[in-house]
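Multiple structures follow.
The same chain A turns up in both complexes below, where it pairs with chain B and then with chain C.
Presenting the complex of A and B:
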């Protein structure tokens, strides 16, 4: 079932919470809504669920217009951040609670409950109360309650935010496995960009009540549409430089530096914001045409890679690098034009290579 | 053995010393004024009532002759007392259950996210600030057969008997109605605060699963606030057993003793008929009934309460 969202807008009195969102979610897709807290991503999910009313715009599927339907008629299930398990019911009764209105016989319900609990490996805990379970197990019960409905679409609102790091990683794999096995459409809200990058087929970045970009994880990483997406996606974060391209369109100068350096590709003269991923900013001992002299402030040895910090910039080198705090090094900008992310100083929007490059 | 005794003696002496020197003395001193007042106005009357219930008294209420359980025999042989007992049970059951049920309904309504819900909440809780006497007079006027609006309305709607207070069952209905109205504000406020602590998620899960609003109340709200509901039932039952002002001002126990509830009958027998002995026996029976009702609730209802 394709879920088509068209010009969806939500206002609470004068405050706009979500402004003109349009997207089409494909059947079986793992679709992630990501953004900082207060960006409006949860509101969007709740509007899809029917828990929050829509101010303007439409939500449609092949079955028709859902915009004004009550939640129960939308054939979807939802998993909440706080699990929302009724404390006085057992695990099995909680799962059964989600099947209330599907017109199933008691026997069918029992089968559904057993199947769903088996999917999340909780068969043995069916008679426990939620309080007797760990956070991860409680979240599994909440997942089972959604799965038991066999809804085409399952909505998840920050389902892993209350878990510790190890459990979160475990449940991430678990949810991806369930998605692969069952093939339902998943719409997943998170504020954690790592979660979004590792889980989503496609990601929608929401910030400031607007959609910033929709795309596959690598799309967002390699071609961020604006400075917000560029900074939000990827850890450690993108490095930023202000640069001025000289009238000759072959040279540039970094803000605060006198040196005029040759461009890797010709660009229209003017001001730009340049973003460079840490792995494309090379730490070295030799001075080249694109090198910046820095003093190392901090070093993080991760084993498989080394992060070198200097000022507000960071360079990531794979492997273990022999470098110490206080040493002088050079950070070298990439030669490959693909690794230069250029943005407008005024709007923050990405400036495509095609638009900026001249001649070539 | 001897060693043990010395230990015990020493311990006693030490604890006595501690009592004289210690914090207990200060604590007792601080409690003394309220203990004195309680003793004078609560414990002494209770004890005196118990004593009186075994005596015949003169018209001034002074005990004259010990009669053992004769007062209790007389009370249980009195058909008016038996009628009063039945009426009281009907009244208590009706008032406590209707109050809690209505308060729960109103509290559910008042937790809805609507504009100006604060005004609605204030209105629902407002009877809390109303005295029973003032409320009784107000309703008495509303039900007055010649000037009251309600009889006129009832007549317009085709009611044959438009003076409910003159009719046995009608009077009971009115008394129950007014008592429920009076108790509602308190019960509503207590339940409202309990309901606000129920996570909204639970209702949203139910909403998505297609659980109707009534079933949401029964399957989510009631279990979640069951400790509060239990507390309210206990308190409401006790309060209803003790209802006095509504009866005194609205019906005077009539017509035909239908609304002559126990607490009111005790008053009539003692201060109307000067039968202090039997009235004391009735008061003791009433106290016993309240204790029994409370025990029954703790024994049988509390099992169903979910304390989380």
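Presenting the complex of A and C:
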């Protein structure tokens, strides 16, 4: 079922919580809404769920307009952030509770509960109370309750945010496995960009009550639409430079530096914000046309890669690099035009290479 | 160690002081009236004869049954009606909610004695004097109950209410399947409290009942003493002890709920 969201807007009195969101979510897609807290991503999910009313715009599927339907008529299932398990019911009864009002026979309910618990590997805990379970197991019960409904779309509101790091990684894999096996549409809210990048087929970045960008994880990483997305996606974060392209369109100067350097490709004269991924900022000992002299402030040896920090910039080198705090090094900007992310100083919007490059 | 000994001695002393009238009554109920009259409170003639006499010669069993019926009806009524009202105040948005709730609370400030005369006139006009209706219907709901249950319901996590909404549960289903089970221990506490409070009602049944058929136990006991022919103190004490039995059973059974809820406000759950 395609879920088409058209110009969806939510206002609480005068405050706009979500402004003019449009997107089409494909059947079977793992669609992630990501953004900092307060960005409006949860509001969007709750509007899809029918828990929050819509101020303007529409939510439609092939079945028709859902915008004003009560939640139960939307054929969705939902996993709540704090699991929303009923403490006075057993695990099996909790799963069964999700089948209320679906008009199923008792026998059918029993089969569904058993199947759902098997999917999340909780068969042998069916008679326990939620209190007797770990956080991860409680999360599985909440998942099973959603799965048992066999809804073809499941909404998840920050389902892993209450788990510790190890469990979170485990449940992340688990949810991806369930998605692969069952093939339902998943609409998943998180504030964790790593979670978004690792799980999503497509990601919608929401910030400041607006959609910043929708795309695949690599789209967002390789072609961020604006400085917010560029900074939000990827760890460690994008490095920023202010640069001025000289009138000759062949040379540039970095803010605060006198050196005029040759551009890797011709650009229209003017001011730009340049973003460079840490892995494209090379740490070295030799001075080149794009090198900046830096003093190393901190080094993080991660084993498979080395992070070198200098000022507010960071360079990531794969492998183990022999470098110490206090040493002088050069950070070299990339030669490949693809690794130059240019943004407008005024609006923060991405300036495509096609728009910026000057025909030779 | 010494500190603890002092504490326990103090507690024991207070407990004995509070228990003294009860213990004296219990002791007296086991003695023949002649011994009591002579002030011979020894244990030469201990027997259960007074209990047998109380059951055979007085309407005490009838009184206890009446009280049981009245208290049970009131308890059930309050649990049902107060929880419905509390649900509305806790979860449903409606106009003038604050004002209506405040009005509810104000009735708690009005002493029962001030309501007796108008209530009596109403009951009399309805022809409910000396009937179960007159003793139960005026007490089927209470502002205190609504207030107490509303506070309990507000502790139900909003996600659970939202889950109910998401699953399309009606208000009745949400109340019955989510809110009431979640607040079970508070409901038991409130039910016990209501039962006991009404078991111990005195003034209202005193003025609205005139026959042994409907008279509840507290008024009945007084009635037994008042009857001229009834100066048999051993039997009076035995009837009083019998009247205590249901209360004690309830208290013992409900103790763990009482303790949990009386402490509930102090510790963040």
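Definition applied: the second predicted complex is superposed on the first by the 360 of 360 C-alpha atoms of A that agree within 3 Å, B and C clash if a C-alpha of one lies under 4 Å from a C-alpha of the other, contacts with A are read in each partner's own complex, and residues count from 1 in each chain.
Just so it is clear, contacts are C-beta pairs under 8 Å (C-beta built on N, C-alpha and C of every residue); 3 or more make two chains touch, one makes a residue touch a chain.
All of these numbers come straight from a predicted model, not from anything done at the bench.
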{"item": "Clash or fit, chain B versus chain C on superposed chain A", "value": "clash"}
{"item": "Which of chain B and chain C A:101 touches, first, second, both or neither", "value": "both"}
{"item": "First, second, both or neither for A:72, with chain B first and chain C second", "value": "both"}
{"item": "Partner chain in contact with A:87 - chain B first, chain C second, else both or neither", "value": "both"}
{"item": "Residues on chain A lying within both footprints (that of chain B and that of chain C)", "value": "49-51, 70-73, 78, 80, 82, 84, 86-88, 97-98, 100-101"}
{"item": "Touching residues on chain A, where the partner in the complex is chain B", "value": "49-51, 70-73, 76-78, 80, 82, 84, 86-88, 97-102, 145, 149"}
{"item": "Touch list for chain B against partner chain A, complex", "value": "199, 201-202, 204-211, 215, 219-220, 223-224, 306, 308"}
{"item": "Touching residues (chain side chain A, partner chain C) in the complex", "value": "49-51, 70-73, 78, 80-84, 86-89, 97-98, 100-101"}
{"item": "Contact set on chain C toward chain A in their complex", "value": "157, 159-160, 162-163, 165-169, 173, 177-178, 181-182, 184"}
